[in-house]
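Written below as structure tokens is the structure these notes are about.
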Amino acid sequence: MEAERPLDTLNKARNKRVIIELKNGKQFTGMLKAFDIHINVVIDDADERVDGEIKRKIGTIFIRGDTIIFISPTNS
Amino acid sequence: MEAERPLDTLNKARNKRVIIELKNGKQFTGMLKAFDIHINVVIDDADERVDGEIKRKIGTIFIRGDTIIFISPTNS
Amino acid sequence: MEAERPLDTLNKARNKRVIIELKNGKQFTGMLKAFDIHINVVIDDADERVDGEIKRKIGTIFIRGDTIIFISPTNS
Amino acid sequence: MEAERPLDTLNKARNKRVIIELKNGKQFTGMLKAFDIHINVVIDDADERVDGEIKRKIGTIFIRGDTIIFISPTNS
Amino acid sequence: MEAERPLDTLNKARNKRVIIELKNGKQFTGMLKAFDIHINVVIDDADERVDGEIKRKIGTIFIRGDTIIFISPTNS
Amino acid sequence: MEAERPLDTLNKARNKRVIIELKNGKQFTGMLKAFDIHINVVIDDADERVDGEIKRKIGTIFIRGDTIIFISPTNS
Amino acid sequence: MEAERPLDTLNKARNKRVIIELKNGKQFTGMLKAFDIHINVVIDDADERVDGEIKRKIGTIFIRGDTIIFISPTNS
């Protein structure tokens, strides 16, 4: 059995909702549409959150990978 | 069906208006004219915004990719 | 006898609980599921801790390698 | 028709005046003489500006690419 | 006689105690078990120190190379 | 006629005096003896300046490229 | 006559005393024993200085290149 790789987790999260936390403290949630090896990601139906509250709705957003701390699939 | 890649989203946004947020907190809007794999971008008819208000009009601007947090197509 | 390499330690920690400390001061604990040469990691059953206290439970989380200071296997 | 690339914009700005804003907040204007793929640039007849006012004249200046936020051609 | 290389020093320190100082100001001491060309290191029997005083014992720890300022073999 | 490249400017400045400004705000002046593609440079007869005043004389100094904002030939 | 390269200066400083200034403001002096293309260096008989005063003696120390601002041979 081959060892699991980190990008496998992102692949399984495709078309599912994720939380993304950035180095500047911002959080985005949305549906993960695409990612690459630099961890550049695109999410759809995105909103920016502060302390769990929706601050603004953004639609589609391309996030540069080097600004990302973590990506976590949500259960919703 | 091949998986979508993040740069596909930028490609679809070509010649459309985008919002670009930088690591230093500045926001630019303008028409996306060009981008590369480093996420260096060129926007035309650009303006710099602070809290949604236009601060200054800039014309054409080349933005170095490593200063960018996100790029989001607008509906306008 | 070949010299040990740092990733050997991460490999031995697979499916065991680890503490991960990030450059922004946050700590995560969870079961190490995957890592790569950039030290991108995925942990399961994760929680975020502040001063040893659980702040929130997160489930599965992908952490970008360049945000990580250290990874330490726990004894539990 | 081939898609435009960001460096095409810099190429068209060669021997024209540009504004360059740096990550440390400084602005330089001058005639763009040279650039490379790292966005290292050389400008001639350069001056440093603070809030649009000329602070000092510098002559020729080589600017390291990784300190640059944006480069914008001016109309003058 | 071939010129000495920096990694030779780390190689000689293998299985000996070292002090490692990180960019965030933290210091770790422990037995150097492994390192690679990125200066990722693993130390065993590690403790974190503040002003020379042991703050906490950690056991085995993988430290990402880009967080390290220096590594110094101790005489103990 | 081939387009000028940024390093051509540094090459012409060899054995001439330059001002080098660093990301930490320090300025060095001296005779440019050597540089490479990383913009690592060596200057001779160097002094460190604060607000145009000589703070200390240093002799020969190797400066790591990634700490440099700009290099400007002086007329003296 | 071939143009001098920055690492030639470090090579000439081998087994001589150097001052090394780091991005965090610390200064180390010691005998330069080894360096590589990343400007990782090893110095022997090292001491850490604050404002020219010896703060502590360290012995042998490996310094990661990306933390270094400059290296300067001393006359002593």
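The letters A, B, C, D, E, F and G name the chains in turn, as written, and every chain counts its residues from 1.
We adopt the following convention: a residue touches a chain if its C-beta (ideal position, glycine included) is under 8 Å from a C-beta of that chain, and two chains touch if they have at least 3 such contacts.
The shown structure was predicted, so the numbers you read here are calculated from the model rather than taken from an experiment.
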{"item": "Partner chains shared by subunit E and subunit G (touch criterion as defined above)", "value": "none"}
{"item": "Shared chain contacts [subunit A and subunit D, defined touch]", "value": "B"}
{"item": "Mean-CA-position distance for subunit D and subunit C (Å)", "value": "42"}
{"item": "Where subunit A and subunit B are represented by their mean Cα positions, the distance between them in whole Å", "value": "19"}
{"item": "Where subunit F touches two or more other chains, by residue", "value": "66"}
{"item": "Ring path (origin subunit A; first step to subunit C)", "value": "A, C, E, G, F, D, B"}
{"item": "Touching residues on subunit D, where the partner in the complex is subunit B", "value": "3-10, 23, 39, 65-66, 68-73, 75"}
{"item": "Of subunit E, residues touching subunit C in the complex", "value": "11, 14, 22, 24, 26, 33-36, 40-42, 46, 58-64, 66-67"}
